[in-house]
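What follows is a set of structures to go through.
In the two assemblies presented below, subunit A is common to both, partnered first by subunit B and then by subunit C.
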Partner chain A sequence: MGSKKKHSELAKREERTAYKLLIPALVILLVIAIYPLGQVFYTSFTNRQFASSQETEFVGVDNYKSLLSMTVQKLEQEVDPDTNQPLFDEEGNPVYERPIAVLPREPIRYREYKQFSLFGNSYVLGATDVDFIDAIFNTLLFTVSSVVLELTLGLGIALVVHSNFKGRGATRTAMLIPWAVITVVSARMWEWMLAPNRTGFFNTLLDAMGTGNGRIAFLASSDLQLWAMVAVDVWKTTPFMALLLLAGMQTIPDELYEAAAIDGASPVKQFFSITFPLLKPAMAVALIFRTLDALRVFDVFQVLLGQSQYSMATYNYFQLIGNRNMGLASAIGVVIFIIIFGFAIGYIKMLGVDMDETA
Partner chain B sequence: MKQPKKVKNVILKTGFYFILLMIFIYLLFPFYWAINSSLKSEAQLQMTPATMVPRDPATNSISPYLSNYKVIFQNQQFVRGLMNSTIVATSTTVLALVAGSFAAFALGKLRFRGKKPTLYMILAMTMFPQVTVLAGLYAVITTLQLPAITSMILSYMIFTLPFTTWVLTAFFKDLPLALLESAQVDGATPFQTFYKILLPLTAPAMVTTGLLAFIAAWNEYLFALTFTSIDPGARTVPVAIAYFTGAVARQEPFGEIMAAAVVVTVPIVVLVLVFQKRIVAGLTAGAVKG
Partner chain C sequence: MRTNKMRWLTLLLVIMLMVGLLAGCGGTEDPAPEEPAEPAEPAEPAEPSEPAAGDVSITVAAGAVGQELELTQAAAERFMDENPGVIVNVLDTPDLAQDRLGLYLQFFEAQSSEVDVYQIDVIWPGDLAEHFVDLNEYGAGDVIDEHFPAIVENNTVDGKLVAIPWFTDAGLLYYRTDMLEKYDFEPPTTWDELEEQAAAIQEGERADGNPDFVVFVWQGDSYEGLTCDALEWISSNDGGNIISPDRMITINNPKAIEIVDQAAGWVGTISPTGVTGFGEEDARAVWQGGNAAFMRNWPYAYSLSQGADSAVAGNFDVSPLPAGDSGAGAATLGGWQLAVSKYSENPEVAAEVALFMANYDNQKIRAVEGSMNPTIMALYEDDEVLEASPFFGSLYDVFINAVARPSTATAPNYNAVSTAFFRSVHSVLTGDTDATTAFEELELDLQDITGFDIE
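Our next item is the complex of A and B:
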């Protein structure tokens, strides 16, 4: 080997080359991700309007307050002014005062979000931005339901495809098709299948099966909207989940199953004592990816529901482009970031994903 | 003893193939329905109950209607969308592969200080939620007065560049060091080693990651919708399809929308079928390893 000096010079040259090679990627990421992220954090504390001559002012946490403030107020039973007795309606139910009477108006106006009863008392839950609170709730419910369904269905499909049979290749191919369809396109395909009369496939099918009246408004009724979103998302992403799980299953050595079969373990027992535990890492990764992806859902909500129900991302878009309210939109971005970050940390802690092992 | 076992086997097999059939129907039916509807005229689309194949409203005989496909290619928005998408997705892919393979070579094969933090940053970026920077990115783009097409190409780096870098780093890492060392002994510079030896060896990995980057860019909607909001001429396919309106603005022309859906999906499906094995490998490398 050469002298020590020569060696360290080589090492230095190598290091310089490495930095040069990294420059393009790092500059791009700095300009399009890191700087805008900083900008979003900063702007979220201002009242910046897009394309407006209004002076931008620093407003502290006002944007966050107007997005997230919530309050619970007790609703008192109305009192009959003549008799001074508590008031009941014709069916004997107590009449409560109207939420608008108890919800604070200053400094920010609260609107009614939900009414509920607890221990015989009636309460109203008020929020300053009902749409955003709804958007958070919608997104969380959407995420949990679709990820659970995708994991279950994906696991089922992966198990079926993992067994040996004729046409296995064709099945794997078919699995890639929903994945390959553009999300917006799949949303419009489902929009047409979910049409609110019997020109749509689902109304025709349900009607032929004798349920439904052939006029179910899947996309307009507030009870069904969210589940329609889940259905579209599950169709599109289950195959991806199945492929990830299938890849995980293929790393489990066949000898384990052979040994288990010799010991007389049933296929169900084999699944729970071999497949499931050994598949855990693959499942954990698939779960993280899908959850973080679902939390930022935009395409399906935007195309199918527009402004009738929001996800966090579509509400952000609406405030930015529809209302040109850059300060508020930035604050929404930060809230989404924190929620997603929280989920990521939670998963990593809970599932004990070892970053070093994957790197 | 033998007879019942055989019966049991037949039942199990039938059950298995039944489940398989259900999976096939579930995966493929929505796409079939799009093809079916794309072959229907407005009158056929309005038939109730909806028919499984295009049928003549009067005689009920099978009669596919092809005009939807003709009409969409006369639709300026859609044709421009196809062009814009092709430009955006191709440029995104090339840029992500070039910048990504440079970075990946450094990360996978060279020794330098700060390698681990860089790797972690790239990995964290693969999960970066695009929507959070929407407002900031929009501000950057309007300040720099970038045209919509350029804005899309640049902003798509957020999800393509970390991914290509990450996957290619794994591929570079697995390449034998001996090759590199022998090149160095022969007096090749690291740049020469990269171009003459590593690049040809990693061509398969490039195709895979490039394809995945292309599909991701072809699919993108949030940035495309935002950045083309003041420049409808730059709309890409997903935006064009979301805004699709017919010649007659009476109601949404679902026959044409479904024809457009089929037209933009078929090339991707063909690509996917041709490169099936590579795509699955790339997807699982990106995710299982990531």
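Our next item is the complex of A and C:
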């Protein structure tokens, strides 16, 4: 009895010490994470202006409303005022009302985002902040396409440098170079390569191959901009992806492959039965890293596209520095945070399932 | 229990990433008090001359484009020679106006006394007026009449002289004298004429075996430069000034729509499709490589185009921009001013430095050595200045009649107004929409931003 009591007191003392030892970490977390985030949350409910003496007022959820409100309105077919007959254009297509006449303007104005048809009716999708909705869409498309490409290419590269060949060490080091270059620098480099005339590498290349007229505007035409961003990002981050996957591959014991080879499994069979399942945890970690990183992409968009196409982060920067809307910019920050949080939770859930399968 | 460990490891990783995100977000959102100290680091103090007790130190935040920094540092030296006991440091700032504004705003947000004198763009006095002293109270009243009245008016907010004009800029048409001679043209005086000549020259040059030839280059990227270019088109076509000085939104008018649609027709014909991604330097690169016959640009390109590495040296000249329906060309007013921070510890000395740098002698040195347009009218009759840049004399009218962007009327929302405008024009140039639709929408956007009435 006595010894047990003594033991639990000792345990309590140790517990107290442990808590005391945790304090520095908690304080640091509080100062560098919780405080700024709390500040951002609070500011997002105000109309605060950056670098201005204007009184800050509490505006509730107005910032979020003006960022995220969307509406769908039906477009009626135009009627000829003389004959009262529905109007058709020269090609026989019905003429609809113009969206600007239909979308509500009070209390906040909706702008046209997209028109679409459903069951023979025409509709317009309106948003209060078309640029931000575009930015979200751009970022998501960028994230999905770049991460998928990076995973595929990274897996291929990892498999190659995992095999035994002469100069493997040098290859592994060299392949990391794109990742080590500062993004702003590599973005500038790509800016030159994507130049809209034959001073640019890609225009020269395509011209020499006989396609394109040597004047393709990769960074100025809205069809190509986003894909140029994906290309830059894939070039830069594939090595990082490959490195993470390579680390995962090295934890797979060679005996498994030896046993499989004795059983007569082909290399392809070995890949799908051994490498792929055992690589899943490493792959999941790599995916989380890259996805969360890609969702907050800033530098590539800022350097190459400036204000012609936004990512969520560059739109945030523009609202803060360009328009000095600190309240609105904070709300954007919070929305980005929530989106990324959603992705993180999703991945953890997915990963949990995967882990149970492998166990 | 490897599973569990892995799950913990993953969770930990995710938390680390999230914290990284917060720190990243917090960095931009949160006015961390230590932030303004950082930009001060790249400061290049101009030869600290043995600091003695009681010395006053003044910091000037100035541009570093081309020879700018060198010239400003030389002026600081001259001031220090004349005023022992004062140390003038020159802080170099980012080249892009938008980045420079971002840096300045961080100083203002912290009410920092780090910088005493700021070099500010012609469009900023309205937005930033509250952070600067009234220079009229520091002796600017005696010299201000020597400067261009339009710029002085631009720099005066509610009767307060926010900044002293330092150098000015206006849009010009650069043309190739050899090309015009070859095809027997006179420099174009209207946009229609420019179109005709450009089409003929383009056809001829491409047939002559230069597939990279594009004729007319200008600033079409989605940025402040496009506001300048588009304002020139619209103003030269009698389409108003986007927002009038008496605070009416005038942009949605047939004249403005007509000329912007016309300009959209240049993209992919007489101008390359890539022009919608061009800034000043992109245009100059094509021009200086000898691949264009016309260029819209600022005066700074003149001395550079005459340089040894330029393919067009000696074969070009400048003229006023072509006219539209108004019968006269319009040039957008650019340029930089010096303002004294309200948070300075020595505003009197700082104002002295600002007025010194912008005086006759110092503007003359900048004009002769850096071909920067002075803001003092008398300098346009100075022989040494005219010898260095002959076009200063012949284009005097362009400089004094330059059209100001509506920055004072729309303060403190000019940047939002300009962004809405250039994004709208950009969408017309890229063919995403036409000017009629774009300006109908823009008009309402501008009303949301400013609250002004639509004319």
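FYI, the second predicted complex is superposed on the first by the 322 of 359 C-alpha atoms of A that agree within 3 Å, B and C clash if a C-alpha of one lies under 4 Å from a C-alpha of the other, contacts with A are read in each partner's own complex, and residues count from 1 in each chain.
One rule holds in what follows: a residue touches a chain if its C-beta (ideal position, glycine included) is under 8 Å from a C-beta of that chain, and two chains touch if they have at least 3 such contacts.
No experiment lies behind these values; they were computed from the predicted model shown.
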Inset, instruction - Identify the partner contact of A:Met175: answer first if only subunit B is touched, second if only subunit C is, both if each is, neither if none is. - result: first
Report task. Using the superposition on chain A described above, determine whether A:Met350 touches subunit B (first), subunit C (second), both, or neither. Result -> neither
Between subunit B (first) and subunit C (second), which does A:Val303 come into contact with in this model arrangement: first, second, both, or neither?
first
Look at A:Phe201 in the shared chain and tell me whether it touches subunit B only, subunit C only, both, or neither; answer first, second, both or neither.
-> first
The answer to whether subunit B or subunit C touches more of subunit A is B
* Asked: Thinking of the overlay built on chain A, is A:Leu219 touched by subunit B (first), by subunit C (second), by both, or by neither?
  -> second
Considering only touches as defined above, state whether A:Leu118 meets subunit B (first), subunit C (second), both or neither. neither
Practice item. State whether A:Val268 touches subunit B only (first), subunit C only (second), both chains, or neither. Key: neither
Quick one: classify A:Ala33 as touching subunit B (first), subunit C (second), both or neither. both
- request: Based on the superposed arrangement, let me know which partner A:Met209 touches: subunit B (first), subunit C (second), both, or neither?
  value: neither
In subunit A, both subunit B and subunit C touch residues 29, 32-33, 35-37, 39-40, 43, 50, 197-199, 214, 285, 288-289, 292, 296, 316-317, 320-321, 326, 329-330, 333, 336-337, 340, 344, 355, 358-359
The answer for subunit C against subunit A in the complex is residues 2-3, 6-7, 9-11, 13-14, 17-19, 21-30, 32, 98, 101-102, 105-106, 108-109, 130-131, 211-212, 214, 220-223, 272-277, 285-286, 289, 291, 412-413, 415-416, 419, 422-423, 426, 430, 432, 437, 440-441, 444-445, 448
So, in the complex, the side of subunit A touching subunit C is made of residues 29, 32-33, 35-37, 39-40, 43, 49-53, 100, 105, 109, 111-112, 195-199, 214-217, 219-222, 281, 284-285, 288-289, 292-293, 296, 306-308, 316-318, 320-324, 326, 329-330, 333, 336-337, 340-341, 344, 347-348, 351-352, 355-356, 358-359
In their shared complex, subunit A is touched by residues of subunit B numbered 16, 19-20, 23-24, 26-28, 30-31, 33-34, 37, 45-50, 95, 98-100, 102-103, 105-107, 110-113, 115-116, 118-120, 123, 125, 127-140, 142, 154-155, 157-158, 161-162, 165, 190-191, 215, 218-219, 221-222, 225-226, 229, 237-239, 241-242, 244, 254, 257-258, 261, 264-265, 268-269, 271-273, 276, 279-280, 283-284, 287-290
In the complex, the residues of subunit A that touch subunit B are 11, 13-15, 17-19, 21-22, 24-26, 28-29, 31-33, 35-40, 43, 50, 157, 160, 163, 165, 167, 171-186, 188-190, 192-193, 197-201, 204, 207-208, 214, 235, 239-240, 243-244, 247-248, 282, 285-286, 288-289, 292, 295-296, 298-299, 302-303, 312-313, 316-317, 320-321, 326, 329-330, 333-334, 336-337, 340, 344, 355, 358-359
